[in-house]
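So that you can tell them apart, the chains are marked A, B, C, D, E and F in the order they are listed, and the count of residues begins at 1 in each.
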Amino acid sequence: MEPGKVAQIFKNGLVLQNPTLVLLLGMCSTLAVTTSLKNAVCMGLSTTAVLLCSNLVISLLRHWIPKQIRIACYVVVVASFVTIVDLLLQAYLPALSESLGIFIPLIVVNCIILARAEAFASKHTPGYAAMDGLAMGLGFTASLSILGVVRELLGSGTLWGVSVLGEGFQPMLLVVAPCGGFIVLGCVIAAAQWARSLAERRGKT
Amino acid sequence: MSVTQLFALALSAILAENFVLVKFLGICPFLGVSKKTDTAVGMGLAVTFVMGLGSMFTWVVNTFLLVPLGLQYMQTVSYILVIAALVQVVEMFLRRALPALYSALGIYLPLITTNCAVLGVALLNTQKHFNFVLSAAYGVLAGLGFTLAIVLFSTIRERLEFSKPPKAFEGFPIALVTAGLLAMAFMGFSGLKVW
Amino acid sequence: MLHGFYGGVHPADRKKTTSKVKIAAMERPPARVVLPLCGQDGESGEPLVKAGDKVSLGQLLCPATPRFAAVHASVSGTVAAIEPCLQSWGGKALSIVLENDGKDAPARPAWTPASRRDAPQDLTPGEIVDIVRQAGIAGMGGGAFPAYLKLHSAIGRVDALLLNGAECEPYLTADERLMEERPEAVIGGTRLLMRCLALDRAVIGVEGNKYAAVAALRKQLPLRGGDVEVRTLRARYPQGSEKQLIQKLTGRRVPTGKLPADAGCVVFNVATAAAVYDAVYDAVPLTRRVVTVAGSAVAEPKNLLVPLGTPLEDLIREAGGWCAPPDRVLAGGPMMGAAQFDLSTPVTKGTSAVLGLVAAEIKPANRPEGPCLRCGRCIEACPMGLEPVYLHLYADHGRVRELAGLHIMDCTECGACAYGCPARIRLVHSIRSGKQQLRSLQEKNRGEGGAG
Amino acid sequence: MLTGIITAVAVLGGLGAGLGLLLAAADRVFAVEEDPRLRRLVDALPGANCGGCGFPGCAAYAAAVLEGSTVVGACPVGGEASAAKMARIMGVEKPKARVRQVALVRCTGGGRDKKRYEYDGYSDCRAAAQVPGGGELACAYGCLGLGSCVKACPFGAIAVEDGAARVDEDRCRGCLQCIPACPRNLITVVPYGTDVSVLCANADKGAEVRTVCADGCIACGLCKKACPNGAVSLAGNCAVIDYDKCDACGRCVDACPRHLIRKS
Amino acid sequence: MSGKKPPLRDSLRFYGKLVLILFGITAVSALLMALVNGLTQDRIASLAEDRRQAAMSAVMPGENVIFSQVPFDPGTVLDMQVAYEGGILRGYCVQLTADGFGGPITLMVGVDGGSKVTGVKILDHNETAGVGTRVDNSAYLSAYRGRSAGSGADAVSGATVTSRAVERGVDAALEAVARFEREGGMSVEEGEV
Amino acid sequence: MSGRPTKKSEQRPERRQEDGAARRPAKLTVASSPHMAGRDSTRMLMLDVLIALMPALIFSGCYFFGPRAFVVTAVSAAGCLAFELLFNLATRRAQTIGDLSAVVTGVLLAFTLPADVPYWVVLVGDFFAIVIVKQLFGGLGKNFMNPALAGRVFLFSFPAVMSSFPAVRQWLDLGSTVDAVSAATPMAALHDGAVPAFTLQEMFTGIRGGSLGEVSAALLLLGGAYLVIRRVIRLRIPVCYLGTVALLSYFFPPAGVADPLEWMLYQLMSGGLLLGAVFMATDYVTSPVTRMGQVYYGVGCGLLTVFLRTYGSYPEGVAFAILIMNACAWAFDKWGKPRPYGRVRSRREAAE
């Protein structure tokens, strides 16, 4: 593997094509689980695991799967990994599994995974595909974490369950309510766009 | 199932527990296919249709296959497989048999396979131990909730084209803020007590 | 029974300065006059004279076209040039420029004046239409549409003849003075039109604030049961707009894209009727009209009887020149008139006023635009039942297809919407721009349709 | 546990096989004829639906290409890349590499201070062109600076600076939506990377131009003389550059006494 | 999917391949899942059981309490177990839901043999954090201890939607126990016959 | 009129100027018609709304809650102005605070809060209303949702603050400590299907618990009348809104209500209904502009208010009803398109 290409893959996953902030994929879990940092990180890592494995497997199978049934095949592969992650979480991290609820099985339909399967894994060798899965997953985790930090801090006054803003702080419940999810995500994406345009302008002059 | 029960279920699925605005399911098409009201209506109806069918088929698979054999842990895989195949067959069928409807809805169908709302409703049906009729009804009603949200959202987005957000907020961010405000308005329905 | 029309606004009428001032002829006639041969749209007719020709007052210079009435010399003198000249609507039109010799030597009448006929009442409709055509009479309410064509298409199809004496625009008193000073001409003209259309009744609609004019007209008529009825209307802008007048007086509505005749009505301005009277009885073509010269920037506001083609600056001079620097000079009333930047533009058959307004009079129409509040005042004001706020929005964003769906072409540009807009959005202007965008799109589509 | 595994494999495998059969059957039963190239053509286009190709949208253009009623390479937005892909799909020669075309506004804005009157209307060039005098500028050819073209550009490539609209060459995709928006017909197309451009479209005689603009072209012909390649000509009292001949030497730029030929 | 229909035989072979591949993939993933399931299922099951036990023990304190399920009316409660301590009936643990502010609240209520509440635990809820969740603390919940069926609404002050829901839930549990003792006792025996 | 000269006019006064004066004046303005306009301006309209709100504010501040009502309102208005100012500075936009719409938002937001609300809570609401709901969409005229109401609903973030109200005529401290004796508002009783403990006269004059500005039905109606007379608002929306609520509560009272008329009157006068129907549902920006659209909107507000009051879990129905209808406003305008003059004649007219 060329290091340059790997670096590019990671740059894409984490920044340039960040799945949440740039590609705008996987919105459901993004919004639903970022009420706390812990949930966000766990969801991010679970997704990363699934993404990594499914990218790897799909890349391995890419020559074997006929076009007509590729979606069905991808879906089965992804769903199996999701189930495995789900079972493992249930067995070893029951509390987290509780709070992520239905969104763990829904990783299956997280658009990121199928999008990467289609756009990357089915066209690259397993090594790169795995790297891409990892990079995208980490990018997803990173942006989920940003959201998680903002929402948990404002909405509960805590971080990773620990009270940090002091006694006087009154948490804003609506930030952790659905509406807050949308609005905070909007603001974070706007901030990302702003940063990008700033960087572009810097680059020009 | 009594009429009041159905009514209660409808209020819950459409307003109080709206799939998009409260439960966060199906956000991608909600954000993606809502620029124009016409397409939003098409997408909403297509999703409703698939959610209804999907609920029925997955109920059958679950009740007659997975539960008797103790294979509940395979729900996710089998549901998504059923849904994917279903969507594809429906698409092919429409294209052949009802080309007019296909040209209106067909383009949305492939998007639906990867829509959390469809798998979500199947999983929720199982979680809530709904029987066949309730499952089907819940699927359709939740789909109608999705339709309501996306159509309403699309009308506001048509208005957004004339608003002037700061540059960084143009496009998706302002749409998300809009969705947030809409979700906030829908908070009024939370915890409806009709039943 | 009177019917209402939707919408409308109540601008201050500002007619006091001139409503009691008698119509005066020009003391210093214009040195040269400019007579356009076509209107804003359509082709110009073939001029019958060339540069250097001598012409006498009332001589036919250019025959009628399907869009434009015949043109007659409004002064006697020499043809100085035939060239495109700036017109008050903003563009250039091919015009005959006459050098005035100040003699006003009249041309020989082209038809027999009815006053010299044995039995003027025996004129046939055809003869009247013919005289109207030969006299070059065009709508003097602003439209300047050839009156003979309007008559022609109305014969046999209408059951209501309406005379428009509403004069709903602020400042304007030309029609009011005319009705007051020459009621016999207005009513005589009306009777001629009635004969022409084979009707035995006609209604003159006058806004209620013109008591003297109404009294003068009524004095010409029997107290009860006359063939011509004078009806007073509540002062509301745009009462004088053809469609609103029809709605108000008959309860009918002109179907979209159709002519008043399709609703069984025909409307003439009172000055048009007077011009018909003069043409039939005295055999004079239309070469003069009454113009209100007013506004706070004008030293001596008055109503002037001026030769057609007189440059606006001559009118201003005749009215004492400026007594304050004008901010806007308008040809026409403040609601529909066009702002001028070059005062050499001529008076035409449709020019009812020249106004010199100082900034304070225009206020607050000249305040900068703010964001639309969606207050809905424009919708409430629109007599055509349109949605100006959306017309503006879509026009501003170039969404032309939506404009067609909102019936933008139905807008009469009356300005009632912009009058009341608290945000001072230039609604009429953007609607006009939207209309143009729609027209060019339609033309393009038609072109493509034809080619494909 | 073994039985568990066997049932699992049997059930899911059976489900998979069954659905595979279903799909296969459906494929057979519901087969419709559609040229598979259509979708690929649409995919090869950028999807901006801007109309720059002259069709109502990307899909319509793709259909027309398939039908053979037009050629590949008409999409200004997708440019080279789209054209190549489409050519491959259609199995035709790739069209000859075409230099990207961009828009140019032919006005320096030099007449912005010379006004015939004060314009107080709706802030839009097309609307300003409708009032008497067609806008406040004394110059009948100058940019009104009210930005109708800015509004028309789907890619945000135009901005009004110093009284005249300017096209950002890098953002401009050559869709030409701006051209009909300009009531003064000031916008033309030039090849991308054009270094030398004439920023005036005034067709009046020199003496008149001097009264209305500080920069306007007076058709003195110095540029024409200065050009070693014969690329500059005077058409209708205004300089025009033939870019097939121009090699951007910039001599006309130096020669122009009114500084309206500019180098970027 | 394809332009022209290929001859049936060719397409049959192709379809066969499709089916086989799909079968293969599903079978392999089923195998994998089954394996993981086999590894985890006992642990998951025991975790769930532990949680229930813990909840029941929390509302029914005592040494060596043994629980055993009894038939219950699924229309009103989710689960009902009898608690024995050294063979003596200690009481009942009732699991049920009540309509709260943001949806159903799942409660575990312990009731002793004398129809007095021994403890209340909230298992699951959807209430607003900070408001609704104020009821989810031991001080508040312990106020229910000793409550009996007839004791009325004076137990809890400062009613909110959530607290009233909990109260209703507790009363429903008492009611269910009462009914069970009235008639259900017999039905147990009948059931066991 | 044709060439028959009338009598020459009288001799002109000497004041006559030289010919030169009739030449083109130095500087003319050209614009499209009309060249005259009515007096209304955005700022005047906003000022009128503020004036209309004053009676209710004075009542609250001088009689009901004490000066704290003034202070809360002033803080809120100032906060809104400040946030708008800062936002415009930050995004380098033209300053817009002069149009006073931010003040209206601030005052109305304050009116919907309990009078003992801490000042910082007010400022959080102001921030949400002005920055998130209004300015992010482009400022005045561009927001699709009522800023004041959205700000209020966002403050449900602090439910403890938002669901306790001072007692009737409890004179409040100016300080920021919340020391109110929280008391039941009429809304709480209505929510449970019971008639509140205030007489109808008390409700009408404003002797009842509630938010800062909503207590006096009479003074709110007075303000509404002022707005109608000044033609700031039209009656269509308030009448449809209140009419729907009245009809529904008269014909479908909850079981156990003895006198439906009395029940209806209580419904109309309690909660934020009058404040909402007169001042908030009528907000131009967030309501439909077409006549029929406004009818749908008013009726929709009414239906939702009654529905949410009856079945919702928040005691408040008005705020959510208006917000949800705000979201429908654009659609209502499309459905409620007027029939332009001369299009599709009605049968009656055709028959004539």
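Note that a residue touches a chain if its C-beta (ideal position, glycine included) is under 8 Å from a C-beta of that chain, and two chains touch if they have at least 3 such contacts.
Here is each chain with its UniProt name: A = Ion-translocating oxidoreductase complex subunit E; B = Ion-translocating oxidoreductase complex subunit A; C = Ion-translocating oxidoreductase complex subunit C; D = Ion-translocating oxidoreductase complex subunit B; E = Ion-translocating oxidoreductase complex subunit G; F = Ion-translocating oxidoreductase complex subunit D.
Quick caveat: nothing in here was measured; it's all calculated off a predicted structure.
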Number of hops, chain A to chain E, where each hop joins two touching chains: 1
Centroid-based (C-alpha) most distant chain relative to chain B: C
Chain nearest the overall Cα centroid: F
Maximum centroid distance from chain A, chain identifier (CA atoms): C
Where chain B and chain E are represented by their mean Cα positions, the distance between them in whole Å: 28
Centroid spacing, where centroids are CA-atom means, of chain C and chain E in whole angstrom: 85
Geometric centre distance via CA averages, chain D-chain B, whole Å: 40
Whole-Å separation of chain centres (CA-atom averages), chain E against chain F: 48
Contacts with 2+ other chains: residues of chain E: 1, 18, 21-22, 25-26, 29-30, 33, 37, 41, 101, 128, 130-131, 161
In chain F, residues with contacts to at least two other chains: 27-32, 132, 138-139, 142, 154, 156, 159, 313
Where chain B touches two or more other chains at once, by residue number: 73-74, 77, 81, 85, 88, 92, 162, 166, 169, 174, 177, 181-182, 184, 187, 190-191, 193
Complex contacts: residues of chain E adjacent to chain D: 1-5, 11, 15, 18-27, 29-31, 33-35, 37-38
Residues of chain E that touch chain B when the two form their complex: 1, 26, 29-30, 33, 37, 41, 99-103, 161
Chain B contact footprint on chain C (complex, rising order): 393, 397
Touch list for chain B against partner chain A, complex: 21-28, 31, 73-77, 80-81, 84-85, 88, 113-116, 118-120, 123-124, 127, 166-177, 179-184, 187
Residues of chain D defined as touching chain A within the complex: 16, 19-20, 23, 27
